[in-house]
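Starting off with a structure, shown below.
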């Protein structure tokens, strides 16, 4: 959650950080007044196998968000640290120990509330950077409810972009990361993608000696509730991260940061021009 | 949110950390199975004057929580990063730029949901460490609703302790911190207490050159809504932190950590014994 | 809840009462049209020890409200008769028999709904007079939500004052009421303050022969949920009301009524002038 | 809301009252322990024409409840003072000044919460005495939700009776009250029934010199929202109370009290026997 | 739910249908743009005795709605297929197998949401055609909440008519349907009215060989929760449909369609003129 | 929504139908008692281009559900006729005229409520057959909340299967339907799949003369709120259905019905055996 930049003195950090929590209010107000967008990482506290910490869904969109923010002059809000319930076919299931989730309505309300607050401050361009698959639709609903209430208040010009960072991994990159064929995003829980990114960004939170080596799981074309425990491997992972590496992590990180920076930069540059016209 | 301990290698961190997010699921499950309590910091994103970052309400209970957790063998959950609306007489008011708050019901639901999840994992002793005054009653309601629903599920032995770290500052310490007289907790927003703790723990997030020097505010014995902007000093602080220092911060930190460690240690030791009997 | 004034004939009562429920609609409409403020007592149904009825939290703010209303030309709405859950360190705890409480969200919604209704009638100055400590924050949230929705409707000039009557007890009065030292508001549940006020206003609802005589309770600096029954004295009181008297009750009543009348009178007189200007 | 019995001394009142708020907690607990049922009046704050106060929907079920309680050894809880929105064809409409109503969900939650609290105390027979037509279905939902949650807690033997007092007015009585023909309950808002009861019980809250004399309103067989203001007479009444009298009020009061006492007495006597068997 | 008109080719149906679901979006948009009202049937899935299917509360208001729509140039929306909980004295009770109901708040929210959507499309005249007694008040609340939120959006000219089809059965018709005397709407669950209408409209969903022949039930003037199973006949019907016939069904259908067509036609014709003026 | 089988007489229909609404309660109770599963179609009222009615998301899962139910002895409940808000990249967006959607929480509550009702009747195997992409996660939450509350009631053996019918279209079938390459499910709104199925099942609700012929849309890897109208083709379709045919529709229908029948049959047969053992 914190800026890893060199922290030689308070003045530098508090003037240069893109992390909202690290700014004093007047500096924050100044940047919002200048039209800086706000990026909000959406994460989760979720088991990610025996070889990885439980916070990648928070750490990865936060790190990506900070890098993007530096590229495009944006601010990064505190991450949503708890997400929607893990689904068996994308995260192993919410019956697993360690996974700590919110009801859908709680997540929706959280996102609605903070979007409205940033809009009250004056922000008009906000991006939710999702790091946990299951958050998506509840975040979408939070956005819709926030925009509705803002309209009631007379605020009609907030634009919210919703994305999941992995959607910026290009076909080319996938081919390089998975030379033996891509098993599909569906089973990428605690797999090569997340593990490589963590090895690149937070290596002390990965222990490759514990990586499970089982084959990728296949699921039937439906979901069952309550989950059938045997469907999820004992590791909690849906595929093996044995082929993960920090190099692949850097590749993934760079492609996501570059793609998002370009997409948001263009979108909001055009928008900024329009508003000036 | 992260453990500041030396991070020489992943094995050490992932075995030694008390921060839940930094543990792999099996290690977390082992400790919960051994009866380790869970500490949950409750914070806020709130303006704290021109001299300080906006995250002290998150950073302070997190740092205190980690220190307590090391003393008593407990775990620290991800902090609640957004809190209830700032009140004018305790935090300057929620009309101020930068302060980013949740509706009461959203905060209550968040706390209810995660308490139930930790209980599902097996935790039976949980402490909410509050760092933002206005959170208290909505957290209390979250606890009550969680215990009610857990009872419906047959879980009747969860005990939740709710505290605010400043309530562990002793009279003796207050006398040392405020040699010229204590202005009262009511106006300690962005004041000597919080600023000193930040100087001790996160000095790069304080810029003493910007400290406001106005007198402590006095308020009438009632609240007005919407807030009357003139009641809050332009600084956003309710008293001056000019007398803050890292030394005072260490003093405060130590007395809080010691008091909480002792209180929780005794409470839960007795409890552990009882459950073994 | 009823006007204790002499009731010689219907015309007098229905023209002279300040109690909204006792007015016919046209008379109410006329006064609201003339800018009369509305005072809403917030109470509770809560055990108050073996020597006192369970309705002081309703009766006291109602009686004070009526007296204030007569002083400043205001109206008194029906009291909120059920309040938020009693907390162990301020009211003995909500596990006790007789205490009958609402969930936080229910109380918040009730206050939101009726504030909006009085605003629809045309009221622009409303004061919540709280008589039950635990109500405060949920009432504050109700106010905030009402103001938000009213703003959506185009009503932006409602001002709501929130107060608890005991905050108008001056230091001087405390010194006279507690000649041997003030034990603190924290343990004033069923104690000298409330019992004296009841002896002054509703003596038939106090039976001094049943007053508990135990010492004031001391609590640790944290709360535990579920409450630990042994922490609360068997009496349900947190201190002894043995020194209560009707004389002290009159003193307290007068200082509260006077303080509130002055505060509200000034606040709203200024406001009324401003709106006329 | 208060016991109208002679109040010669505190001991008598606090021992003899059937009003819960007037009892000290131990006496209340004793009676609940003895199986006394709880009666809860459901009212409203609603305009009732130019000749009557706005509180009859609270005062009437409360007075009837107290009389029934004395007959059958039951307790009377504080009334619900604010009810569901007035409907045009039964109460003139919720657009009228003075009428002060709750959202349906707020009323439902209030009733759910307090039913659960009385059940926690040990009450197993509760009767809601409705005095405001529009409350019925939201009260029914509150009962259903309370019973559902109580079942989750293992409490399966609470029985709740729901009634509206006017349903106990017999055909014979109607014939005596309306010798020229009964216009139907539908237009009995601020009409002969309510006005007569108020003249009997609270004559100082009726001013017969202001009684409207227009004919009973007739409505089409559908409702329109928002209400069409012209459908409601300017008086706010749906029929004339010119023929109301205290004598008719006594007749109505007696038939309701007798009918309800008999119905509840038999129902719960049988029930009590069954539980003893 | 489907148009029973001859379906010779797609063009005819998709141009001529009054059923919204059967129209392509551009045709729907054109008609809404021309001011066509929208009729929404409110139904339920509820046991209706051994001789009848469980869907009459959906089928009857749908069929009536389609006939009315053809008369007055209106559109029929998909029916609400699940309604509020069956009450013992009007539908046998919600403890019965087959009856499948929603919580009150769910029904209210559903109606609120879809009213707002039709208003967004441009509809300004909407009629809810109720076919299930217990829906009424929760539908009323849904209307009220929708109008409130629409007002916040600046839409103030939506008019919603709420009706139950049986309220259009005239005294004359009742006399013809029940030559031996009308038992009252209260016990008309699975009785002559509904059964006759089904025999007229959907004869294959009635099996007269299974009609119960017991006498009409009488209930005391109060409700009991949970329901007392013995109060409801084993058939689930509250009176006998032995005298039902398709002829009576046609009579009922025609009087309802005619009455509603006339009422809505006049109401909205006037309205349309007013809006053009 | 209705059984299309020949309806020669009431006895046959009411005994042979698999449609719950068409059964009398005793027949329904008998089958539920025999362990018949319940299938619930989840649909939407949504624009589907100029060539198709707005109800395919209801009609298709209903028709498939009825066919599956006949294969495996199951029952089909009334469809959920209104779904979650259309998303721009999967349904054109919820700003379009005709699309009529629910808030997420409303949909979740609806599904929760009816699942609990079917479980109360005795159903232990329920399948939600989704026909509208955007419903999925809110349905999942409804299932989770229903299972949670059922557990509180002591019902722990309900199994809910959640599926979307298109997930049963095999690779082989896709190759036959799209000989020139599959554009992806993402843009299959009002496209070949849905249109072909409608041509097979409800040809009168398709008008191929109106089929749009534009190319399939491509979207950036993120969503924007409010939607950018220009992103959606004027037709409201995301790809062209020009290549749709009734033959393809039959192929799709058969593969879905067969796949689902086999999957559910096996799953629940095993389950039934297990419960008998």
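The letters A, B, C, D, E and F name the chains in turn, as written, and every chain counts its residues from 1.
To be clear about the criterion, a contact is a pair of C-beta atoms (placed from the backbone, for glycine too) under 8 Å apart; a residue touches a chain by one contact, two chains touch by 3 or more.
Keep in mind that what you see is a predicted model, and the values were worked out from it rather than measured.
Fewest steps needed to get from chain A to chain D, stepping only to touching chains, is 2.
Pairs B-D and A-F differ in how many C-beta pairs touch across them, and the larger number is found at A-F.
Computed from the mean C-alpha positions, the centre of chain B lies at a distance of 55 Å from the centre of chain E. Between the CA-based centres of chain A and chain B the separation comes to 25 Å, rounded to the whole angstrom. Each chain gets a centre from the mean of its Cα atoms; for chain A and chain C, those two points are 47 Å apart. Between the Cα centres of chain B and chain C there is a gap of 31 Å. Each of residues 103, 105, 152 in chain F touches at least two other chains.
By the contact rule set out at the top, the touching chain pairs are A-B, A-C, A-E, A-F, B-C, B-D, B-F, C-D, C-E, D-E, D-F, E-F.
Listed in rising order, the residues of chain D touching chain C in the complex are 1-2, 7, 9-14, 20-26, 28-29, 32, 45, 47-55, 58, 77-82, 96-103, 105-106, 109-110, 113-114, 117-118, 121-122, 203-207, 209-210, 236. By the touch rule above, chain D contacts chain F in their complex via residues 151-152. Residues 149, 152-153 of chain C are the ones touching chain E in the complex.
Contact residues on chain F toward chain A in their complex (touch as defined above): 84-85, 87, 94, 103-105, 108, 134, 136-138, 140-141, 143-145, 147, 159-163, 167-168, 220-226, 259, 263, 267.
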